[in-house]
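The data blocks that follow each hold one structure.
Here chain A shows up in two complexes: once beside chain B, once beside chain C.
Moving on, here comes the complex of A and B:
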């Protein structure tokens, strides 16, 4: 038996991941040992501190360009940029999750067996401040996402996928109000997610088969091997294309691209709103980070083959998202379809095989994350006696009742619609520009046309808020607590600043737009 | 005729250079800024400024006048009498660089003095005239805005600045014509003025585009220095478009119809904007652009023809009108026709036109304010058939109006004699048979002017009383109104002589306006022309006196073809209505129909298709995991199939 050789591990480069996972483990211990009434503060501070520490490590590592832990993890420009993006957006999401002032006991179920707003529920909310298991779950999910964008082989990627997906399934089920909807959403997400994972795993198996038989190289699922195999493998190309298709399906499911988007509206609607925001911002970054790495590193040489297929998927995604958004009557479902359409625009960036395309996509991810978190932050505030009032008809006349929040939401919607002076414009420009330069004009045309369609539902909300008379049922806007206010302000200011002066972040993204291979 | 229509440059354009403004002249921007700030204060403060707002307005113009006077004397002492002050880059896009700069030269200095001087007197008059109007502060706000825009127009050092001022005065004019916006006639008149001006403004804008396209600049000095390099056709088009702009603003044929209607505004507005200053902007534009117009003889012929035609039209229509302000308005149209005639003749006649412009500013403002004074005493009656015998009741108004009347018909030694007669003589100085044509028109115009102005004067101040019942005792206007009248009357008496002896020399410093002062060979001896023009004037006066000394009927009488035509503005309004308005309305209806059925149908159809598609697709979103899984499976099969198809070479 030969001696097992341990791979060298660069702990500094892995530090952000290790910090998040470590914090999650500590969080589990906190659940076990800290008294119930103090857990909320401790857990929130622990999670935020961990995010900050991880972010600090990302900044300190910003010059790293290496592959470590065997060939499992690649720490390079895109990894660091996207990890940074995930951490910043996750911090905002944590602020929303930690909010306890808007609703006593927070947005999360305290005890699943107790009816919301019953006497017992209130007593529990006063004492315990809602479920605090949320924080370790979120921290685990963040850790998984950090690995997901850094994964340098398909197995690590698969494990990371599961690490961040499983906590998300749970988080979706934790809504305090409309609990059945929430649990149904979680179950759907779990079942379909497992289904998609199976596709991914099958794809990994086929690719593994494809890599075998290259002279002088052992079979493997790390990206360097796959890249080499695409060029020189003697195995049947059917294996490659079937494997690539199945891998793509697994990733496109997470990215919410049509026709694998079907879970999105139900889950976005059912999940507690802060978790929806977290998924819309961070999961999107993670999923597209992985897509970028798989298609730009592993399958780069096959780009002539996958571009038409993924291009059709992109167009379909934009169309489905935009067209279906038109008839939505629930603000969370509307934002879900908007997020689907945005996945289509992001795919346009993924399919522009240039440095600019890569940096534009990364810029888009971060800019969109800020806007979408701000949007969901506003959604958490518009409420009546039964919790959030998400039906659109209830938003009529909101501009008269609370001009400030209606203005903020209008601004965010204009950003989604891609109006200049908002990040929505600069980020669309950042992905469409390179796509056009790389000869993907048809994708850009589809993108612009669907943007026009998509502007309609956004403007419908704006018109409804400002030009309708407030009715009996128009809800009031709750005064946000400090945490929500902070998250909202960060999101709105970032949307504005990235729209007016996008150069610093774009330069950062351009400087980071180089994969190690 | 062939010789006239050649496109050859009439005289080569020399290089034009401007000195930099320094010292006291560096503050000429204050001329524009002071009225502008005052306007902003008046309009923004709202009712809080009601009590003192009018005095702020008056003093702003007064200060501007003093500043203008000081700058004027400063300029006199300079070697190069054209100073430029570049404030900042206004527009910088690619090759287009437009300076936010001012040019203070003899021509603009004269205009500054006219605008602020006459403007100050009219402001003063308006304090009293508008004292019973609730909107007096707003009125002074618009008035100051007008002065600021007009000063910017004459002070800009490039065509874009001129255009900014041009649109600014257009706006102020619109706001002031429809100042009493609750009167439908005032609102309509404002719209009419605005729309007709747009036609001219479009011409000016296109002219500026052409300058940029062909010369790459809109700065006066660069345009004038390089205009000689352009082809004759380009210069012709450029000049015609500038002329279109000028005719729009100055109420010249074919865009004259708005000016008489503009009299719906308060009388001080008619005096300041629609008699003394704004309507002369067209003359300023042509005088300023003289290197362009002098570069093409055809262009000059067009300008002369426009001037001659308009001056006769104005006289004929003016003789048939019964509204005191409309008669004066048509008289303005006619007098500006003289100025166009002058600037069209070119050479030394530029200066003559400017002299007439300045002199006209005095006597026409004088008569408009006099008309206002009459209306003030007669309960806003404007029909001259219902006046008569007012000389005894309004001595000051009568005397000052008389000075204006004598001045406009050109009785020596009042100012009209010194300003109009030389233009008539210059028209006779053309080289060929057109001398007879244009000289004859100018001479005929002088006789007609004498006729209709005498008719106006006699019917208003002399003859039997024909007042309406409710008026028992007409009163003279208060001091605040008569003092400006007296000052303007003095101007009407003396300005002509003073100007005709000093302005031509003064203007030589402005690029291209020097011209040769050598007497042109006229087709008739100069003394004969002078005698003739005095003769037709006396004839006109005598005829009008004979016809109207005993008053006139108080209702319109049936009349012959010519008088009927004149009462209907020579059918120009009917022509406009038939040729532009009716087809315009038809075109609009057709477009609305096309828009409703075609464009909207397409758009709504698309929207309905999207909405319908959305509604159908929504049904796929059943909420059942099994159907979601099926949809994902279908998608997966399709994607795998597509990849395999690519691999098999079917898709790539």
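Moving on, here comes the complex of A and C:
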């Protein structure tokens, strides 16, 4: 063994990650030293400032195409595009999380043991406010996601996976209303997430074994080595296939693809709605960012082997999401199944191994994130005395009571349904076009057919809101505070602009659509 | 003058009008109506100017404009009109002001915002003009889909009995068709070298298998839209539930997008597949003619009856298109215009009857002609136009379709002719049961039934009646515009008209 050498580290290229993780640590200190009544403002500003600073660094780094920290982190076009996307969407999610005007005391509980409407809870509503640990947790999660999309070896990727997953498990348990549902969701997410992580880790081990024995190279789990091993390794291909399958399970779990999707509806329903929005937008970007890198960089040469399997997963995901969405009666569960179906459409993009396919998938991720955050922002507003009214029957006649918010939500649903002049249509085109050009006609046909099915549940909500008479129990729409209003407007405007004039973002995505290897 | 960007201005103008109307206060419904009506007249004037500027013997596509939209995918805002599109644009421009005038009081009965109703009508006009004016396949698709949204809310919010069901069914059927077309549009884009320009795409050579699939994708969308049997079941529901004005636009114009799409996209872009599928399409059209006519005879709901007659008429248009002769093609396009006028009139008149009676059921009428003689007379006239009586405009087109089809395919023409007999049955029987015979005593107790046509309604009806009569005797101005475009379409698919049949008979006799 020769002596160990310190890897050179390009701190500027890593700056967005370092800023987020640093801000999270400062957030922990803030919890300890800032008086309770000031913490909310301080924490929220800290988190938002950190996101802005990280975003600035991403923009400044936008020409970087390098691999740093040994071969652990790749800062290239897709990394920067997806990091930018995660940060913008995270800023919107933070606005939703920081909202306290809609409900006195905010959407988050002060201690895990408090039940709704108890004396403790009333004290919180009277001004004590919910936990502010939420912000460092979210900031840690964002930091983990930034690493996840940049990771250039499987171990870094695993650590990033844990860094952003653990805070998410906790965040899910913090809903102030419907405590049991929230805790159940968190536990479910944690248990299944832990299994998925274990699968991932086992996959890493198998792949490591597969890479050993190539002449002139030492074994390793960085993507260049794996890529070389796929072409030249003398080891049994069984190791490769088993490893790929286990890795895929871990990643597809986070991406909420069938058959690894079962946690999604429960967790989406139980988690505090702003956190659900955060997961639906940012986790999806991170998970697909990693999927793209693993399958386009590390296993690119094995695409003949994984495409049929992933293709079946994609079709299954679209089918499950679309068909089960039809039967839902809860708006959050409906959006959860719709997000599963969207994971299927994204997989179609992942399976188009071309520059256009990559840029289309990245465009889809960001466009979908904007719409889904706006959708959950509306969900936080439709409420009655018991908190959010998520049962669909309660939305009947909402269009009469609050035409503005019903119009906004209708627009978002039309976007989900893929009606032109919304980002939903352009992003579908962005993934289906390249997939068809690469000869994946069967995936496109499946996508189109499931879109038809999926249009029905969306339309049902529109019918509920506009064409049904308001009942006794139709909730009112709360006047949004400035933060929610800002997040909602950003989401809706982005959905419209990306539908009418998608060219600038498409240009950006196309310019970024090349991995460094 | 021909450099004026007619088509883009025509498309955008109603949208601007819709915004203006939508922003008017809800408390001032009359102002909203006046602004909407004025705006639609403005569009009409502009369309007339465009009609005059169109050079009959000029290029196939005129008023071409093109602006880049999404350069990454080669999408442009390309507008261009041939003769077929021009007559359809004219039909829209004529119908919309009349529909607005006819719907003057429709929205008031529904408790919902009156300005929004008229704004939706103008949005619908924008999308309808856009869909006929587009010469970029992507742009066409965008208008084709967006068109659903205003119509959905017109039916769902302002419609009658079972409006929710009808609105959702309409939307889902159209969306399903649209998504099939989306797959085909993407496919066309891929094989056509990533361009959406119609003219570039019509030059592309496509392999036989791919061509058939792409044809099918487009054809299903258009067949649902038109609608052809067996994709027709949404139309009676939607037509029955929609407010009369919206129903007139739905059947008069919106459904023509289907037949127009077949003529503009299916035939020129996939000529070989079109020829291969033609027997099947003809069969569907023939089934539609007979089956829908039989169902129409059995209807007891006036608006559903008119909807079924339309499905039968679309069968005739289908026969005209897939006969692949210039006469039949010209007849089909002329039929699209005349059907818009005749059925539009029929829907509006039926709407006036229903508004007076408060019921759409034929059995609730009977002898209404004794109370409202002028209205009953107009209904009779509209019915006769609908069954293509000689002297009315639809006769010309139906006749052209039949003789055009007869020269190439006699059985088809013969079966289609049966439809005329059934048409007489459903129209005359409907007229007899509503306005003739002994007076239904229940009618005399309704105040509305004692009021005959007022001035507003006469203004709505007069232009349509005049157009139907004039075009019945002198269709030349319209056929002159249509003919070159149809001829060019037939050239695209490489079909020439058979030589006059007299000559063939002599030759055959000589053998």
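Note that the second predicted complex is superposed on the first by the 508 of 517 C-alpha atoms of A that agree within 3 Å, B and C clash if a C-alpha of one lies under 4 Å from a C-alpha of the other, contacts with A are read in each partner's own complex, and residues count from 1 in each chain.
As a working rule, contacts are C-beta pairs under 8 Å (C-beta built on N, C-alpha and C of every residue); 3 or more make two chains touch, one makes a residue touch a chain.
The model shown is predicted, which means the values in this text are computed figures rather than measured ones.
**Q** Regarding the shared-chain residue A:502, is it in contact with chain B (first), chain C (second), both, or neither?
**A** In the superposed model, A:502 contacts chain C only, not chain B.
**Q** Please indicate which partner A:448 is in contact with in the superposed arrangement: first for chain B, second for chain C, both, or neither.
**A** second
**Q** Examine A:246 and indicate which partner it touches, taking first as chain B and second as chain C; both and neither are also allowed.
**A** first
**Q** So which positions on chain A get touched by both chain B and chain C?
**A** In chain A, residues 456 are touched by chain B and also by chain C.
**Q** Help me check something: in the complex, which residues belonging to chain B touch chain A?
**A** Where chain B meets chain A, its residues are 607, 610-611, 613-615, 617-618, 620-621, 623, 625, 628-629, 631-632, 634-636, 638-640, 642-644, 646-647, 651-652.
**Q** Quick check on the complex: what are the chain A residues that touch chain B?
**A** The contact residues of chain A facing chain B are 187-188, 191-192, 195-196, 199, 237-238, 240-242, 244-246, 248-249, 253, 258-260, 262-263, 265-266, 304-306, 308-309, 312-313, 320, 323-327, 453, 456.
**Q** Taking the complex as given, what residues does chain A use to touch chain C?
**A** Listed in rising order, the residues of chain A that touch chain C are 414, 417-421, 425-426, 428-429, 432-433, 436-437, 441, 444-445, 448-449, 451-452, 455-456, 459-460, 463, 466-468, 501-503, 506-507, 510.
**Q** For chain C, which residues count as touching chain A in their complex?
**A** For this pair, the touching residues of chain C are 69-73, 141-142, 145-146, 148-149, 153, 156-157, 163-164, 167-168, 171-172, 175-176, 179-180, 182-183, 186-187, 189-190.
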